[in-house]
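Presented sequentially are two complexes of chain A, the first with chain B as partner and the second with chain C.
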Partner chain A sequence: MTIMETPPRDEVVVVMETPSAKRGSDITRRAGGWALAYLGALAVFGAFMAVKGVNPFTAYRAMFESTLLDASSLSEVLIKAAPFLLAALAVAIPARGGLVNLGGEGQIVMGGVAAAGVALVFEGQMSSGLVMVAMLLGAVIAGALWAALAGVLRVAAGINEAISTLLLNYIAIDVLLYLISGPWKDRAGFGQLASKPLADETRLPTIGSDGRIHLGIFIAIGAAIGIWFLLRSTTWGFQLRVAGGNGEAARRAGLPVAKLLLSGLVVGGAMAGLAGAVHFAGVEGQLRPGMTFGFGYIGFLASWLAGHHPIRIAGAALLLGAIAVGGDSLQIDSGLPAASVNILMAFVLFAVLGKNPRLAGASR
Partner chain B sequence: MSVATLDFSIDETKQSPAIIEVRGLTKRFGDLVATGGVDFDVRPGEVHSLLGENGAGKSTLMKLLYGVYQPDAGEILVDGVSQKLNSPADARALGIGMVFQDLRLIPAFTVAENIALSLPGGGFRYRRQAIERQILDAGEELGFLVDPKALVHHLSIGERQRVEILKVLMSGARLVILDEPTSVLAPQEVDGLFTAIRSLRAKGLAVVIITHKLHETRAIADRVSILRAGRMLASGIDPTSVDDRELVNAMVGREVPPLPAERAAPPDNKVLALRVAGVHVRGDSGNTALHDIHLEVKAGEIMGVAGVAGSGQRELYEAALGLRPLNSGTIHIAAVEMDRCDPGAALGLGAVGIPEDPISDAVVPGLDVTEHLALANLSSLRKGLGIDWSRAREMVVALDTRVGLRMVAHDRTVADLSGGNVQRVMLTRAFGVDCTLLVAAYPSRGLDVATTRRTQELLLAQRSAGAGVLFISEDLDELMELSDQIAVLHNGHLAGVVTPGEVDRYAIGQLMLGGAA
Partner chain C sequence: MIAAQTATEVGGQLLIVSVMVGAIRSGTSIFYAALGETISERAGVINVGTEGAMLAGALSAYAVTAETGNPWFGVVGAAVVGGALALLHAYLVIARGANQLANGLVIMFLGLGLTSLFGASYVSREINGFKPIAIPGLSSIPAVGDILFNHDPLTYLSFALGPAVWFLLFRTRWGLLLRGAGERATVLSSYGYSPEATRYIAVGMGGLLAGIGGAQLSTAVALTWFENMTQGRGFIAVALVIFASWHPLWAMGGAYLFGAALALGPELQVRNVGVNQFVLDALPYVMTLVVLIVLAKRSFQRAPEGLAEVFDAPPVS
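The block that comes next holds the complex of A and B.
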């Protein structure tokens, strides 16, 4: 019967869980996977277009040429992408703390409302530069406070922030409608529901030959870099990541979990408020119903596409900006409603989420 | 003496053919060889003890026998016939039954309902009275008396275990595999279990008992097999032919130095690291989990906490660290009253915990070892707005060397590590902090013998450094070896505080079960 021979001591139970040698091939494989996900989304939407009697190849070609090959359309993409980027940051920051901010829409509206209010009060009273700064600041505060409402409900009463932020959207939209149909209604507006337009000198300064690319794009990029630094390199960002990863572990490590969650939502809301101001002062110049409709949800999509990573979010916002602009060409060239690109956006999201259902995880 | 030269005398008397015999059984998980070419057999009418450390492959081997896993190589013979066990159902059909460590009964059902669920050919109708009659008869015959009408959640752990074993026997098992059955039992309950096992043996049934406790092996086993790192070092030897030291060496692969028997007496001072006075605490389901607990842990003292699983240990841990609100009573850490549930304040007073369930309570997905240790030292690592990660890395390297529990590479993600490696991270983090109060819940869970010994040394080192240690464990031997005093919990009450040198295991067991000492 058996008797022992001593096994070599070190063959024992050492399992290498992540050998770094495999890394190179991992990256190619992952990139291939992502490409497949995006192509899959394009294919499904192509099939949809084919069913509607549109040749998907010519439609895609038209979309591509009309967005990326033409200078003025390219600036259109950037203009669209700016608020998308800020709206996505509004989702990404709370997401690091494990929170779901569905209130981008409302926070954006409140940012726009605050910017308009500041302009109504201070235009002509201060230099236009100061008014601009005050508008942006007011929007940041308004977006932050609107998000803070949901944050306080969450940490004080345990009310799910996904629900409360979503419901606050409807209230924000009603606030906007009330203001532009009553106190802030533009008397010279021929019965249109809109606020008094901004004076030209209080609009965000523009650059470039066609005079459309405005400061807001640079504000958005600056915000993305700032948030990236904040999440990656500060103690606050680290603690937020811990609270989002395992709230009980954060509590037991003595972290102020409630404050962290609240601050995450507040900083997120501030970004959404900024998105509202940028769109108001850079593009619209006046409040009107539905002016930022869908921005919050597209931001939500962009943040999830990018795994809540601020720099990757910039890329996702550009992609969605291009799809949105491409939607216009779709309407003109193929006769499909512009909103049908929302279907493409949804397919892209499903493909990405299907690829990695745990995208919400903390990536640095 | 090296293991290879050990001359175990082997019981060659093959009285009866084996119920089950395995030859060259190999199971790999990726690169890990969980069992490598294992030979093993179990005969009718014997109790066979399978010894080995955590991770030696004991559970894997038993799951191969029970059809949970399928071997990569080797064969399994049942009654001399080669069999392929594709599922536990196949194994049960051949008369092989297994009782897992985490008992698998439905708490809201009665004993009879639980057993009826597993009986073959139950049919459509649940015939309660017939089943209850059957349970009483079988219990009497086999020595496992249980009340068939009792709801499982009203039963003690020991009683539930008896139900589980009876369930396996009633479904026709000739061979019962018991996975660490004694780890949750008081000594008296262990005696009861062993008596019942002996009666099974007398009836010609076979029992395999997985354990790492030598005295239990000696008390009950006819033969012993020893696994280490997936290899069978001794298969079916006579336990009387070897001494304890040889058995431990075979299990561990080297000598384990004993703990120093002499240690400084606890300082005769009145400095309290922890004072628990009249504390009532509710459990998660709203029940009162701690009743009127009074307990004092002096600085420089180890206060052990014993009790049957679920007697309030978790709630005591959480209350002591400011993690769970008190319904009444007070808790002082280092003479400062914790006036509300505030883990940050407890940490600020120098109270450190080793959690019972690290994955749910301490491990943050995506963070690596360095980040987990930095989390406990954030205030000292601040640099401007951020964290000085290069200093954090140096700190962790220094801690790892000082504490000496050999953590994995510090850039590994903790959530991906095995239980034992997660535990090393938790221990290094806790032992790396200067503390006034250390609350350690099952610190050696999942560790091998050598690391367990190092952990015990570290607990003693904290004691010598003047910390008060509240040491919760389910291992009475360990508690008696390390503690200056042992507080015994029974059903949320403090059943007594005893001094290890003055009482024996049975007296503590008596308190654990709710009797007087």
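The block that comes next holds the complex of A and C.
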């Protein structure tokens, strides 16, 4: 299969395996390696498009023009990137303590569910500003609690959090589906599974002429900066790292290891919950099946792409957001299914994940 | 169509029998994938991309069956494509040091993208897929005949594969080597065997079986193709392997348990018992969590040691 022999990736190895090279030329070489990796991903996906009878050059040009040279798609990129960014923070924070949060998907859903629940109860009872604050708070708490379930299982019963968070994803999705097919079903919804739409004044406020850049984007950016500071400059951030590194040593030094690990997952879950609320109250306005499908997993990959660094994560989220919007262009301009853009995303990620010279040879 | 029914019996079938028939019918694709994942994880490689391999298998089988008219060619195609995706995973994690969990997710997205691109033209195609074959004699045993002996050929094959994989893993020299690669790779290499090569084979076999699982779903159960049709079955299979403590026969039971939960809702609805399908859908996951809590540490002690490395990630700076 052609995927097995993407030439650019070999180039990356050559670049990475010369540690003795001078620093200046090392950086140029590394940048060259990255560029080749991305070009390789574009080439592989281009080949697939060509197989389907679509001229890759025309398709890429349309994708580039309608994604990055058009104001409304640029706002679309930001709108897509905001929940990816928050979902990636949900991975990066526990990763600081050596924990693997595969449960962003479910924590996002629970965040969206909580925001919708708050709106159902309080809409019309309080000022819309207060409802909004309550929605975001509710989502933060719901995401945190959903992650805390996995955290408690980990520290109390020794159940691996990667497994439990993965299982909790499906339970969360079933909770959402149960609610919108039963108690929260929109009676005016023409038989479709969805909750009652938010009132216009309870949707997150927007700026700009097209009215689509919403408050959630700024919340996500603020969260990234806040988490960066928390991890970098607070005792908590430091202790979390120590607790995750050598639990026994940390315990002897008097650190509350269990609490620290739990707190890592809880803060991460809170970020994912926020992602759910931001997407619900900023974009969708109602709960529907699959509304955040893949966000948690894309967040997981964005965090890996950025080496779990909160500020670099913002860049990774933007890149993945742009790729996702590029999928819409594929559908509109080139007549290919939007989801086929996942091929391009996959090869970009392979290029990045598969350049781990330190661990090459080991199976991890 | 349905006129007079009692609450427990439809078409002469007891609820329990219908559910057990449905359990095997919808559990088999999950079983194939879980069996493959068991082999892969026993060799020390977790492949969350099983979902992608299943999807790719489902489409390959459907497309090849549509083009050739023979579902067996479809199964071969599914096995090849599923195996190829898994080998890509193996290459990236073994030779290139990619993180197993992250890379598995990428494989899932790749499967989703590939099947979306190449599947669009098969969405409304019809195929002549696998049909249930009643085993003469055995199928007329009351209840048991319906449950076990009136299935598609891939289901019969899976009945044999469970014990076969058990035998392979625990009673053959090669199985010992494979488990050695997952437990103590260094010992394997000091005896002159290559743990890497063993892992490639195990992961490839895993993808091959996941592909066949996808084939069973599209060409024997659903008889249709639509985007993302596996709907998380591959992830279920990954969870199931842990539920089953990395044992092929337990995986079989676990897969049918999931299948039963999937089958219970529609069967109850036919009998006019109102139960929310999604509550039932959540049951297997809740059950898995409960089982993990009960077994807790014991279960994880049975995990191949090589896997522990993947789960116990070092903190990042």
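As a convention for this text, the second predicted complex is superposed on the first by the 319 of 364 C-alpha atoms of A that agree within 3 Å, B and C clash if a C-alpha of one lies under 4 Å from a C-alpha of the other, contacts with A are read in each partner's own complex, and residues count from 1 in each chain.
Going forward, contacts are C-beta pairs under 8 Å (C-beta built on N, C-alpha and C of every residue); 3 or more make two chains touch, one makes a residue touch a chain.
Computed from a predicted structure; not experimentally measured.
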item: Touching partner for A:G245 - first (chain B), second (chain C), both, neither; value: both
item: Chain B versus chain C as contact partner of A:I159, first or second or both or neither; value: second
item: First, second, both or neither for A:L120, with chain B first and chain C second; value: neither
item: Touching partner for A:Y170 - first (chain B), second (chain C), both, neither; value: second
item: Chain B versus chain C as contact partner of A:L42, first or second or both or neither; value: neither
item: Contacts of A:S181 with chain B and chain C, given as first, second, both or neither; value: second
item: Touching partner for A:V341 - first (chain B), second (chain C), both, neither; value: second
item: Chain B or chain C, by number of chain A residues touched; value: C
item: Chain A positions touched by chain B in one structure and by chain C in the second; value: 1, 3-4, 9, 241, 245, 361-363
item: Chain C residues within the chain A interface of the complex; value: 44-45, 48, 84, 87-88, 91-103, 105-110, 112-114, 116-120, 185, 199, 227-228, 232, 235-236, 238-239, 242, 276-279, 281-282, 285-286, 288-289, 292-293, 296-297, 300, 306, 309-317
item: Residues of chain A defined as touching chain C within the complex; value: 1, 3-4, 9, 48, 52, 92, 95-100, 102, 153, 157-160, 162-164, 166-171, 174-175, 177-178, 181-182, 240-241, 244-245, 294, 297, 300-301, 304, 307-308, 336-347, 349-350, 353-364
item: Chain B to chain A touching residues, read off their complex; value: 2-4, 6, 8, 10, 12, 30-33, 39, 55, 226, 228-236, 250, 253, 321, 323, 343-344, 346-348, 353, 355, 360-367, 371, 375-376, 378, 382, 385-387, 412-413, 416-418
item: Of chain A, residues touching chain B in the complex; value: 1-7, 9, 11-13, 15-18, 233-236, 238-239, 241-242, 245-246, 248-256, 361-363
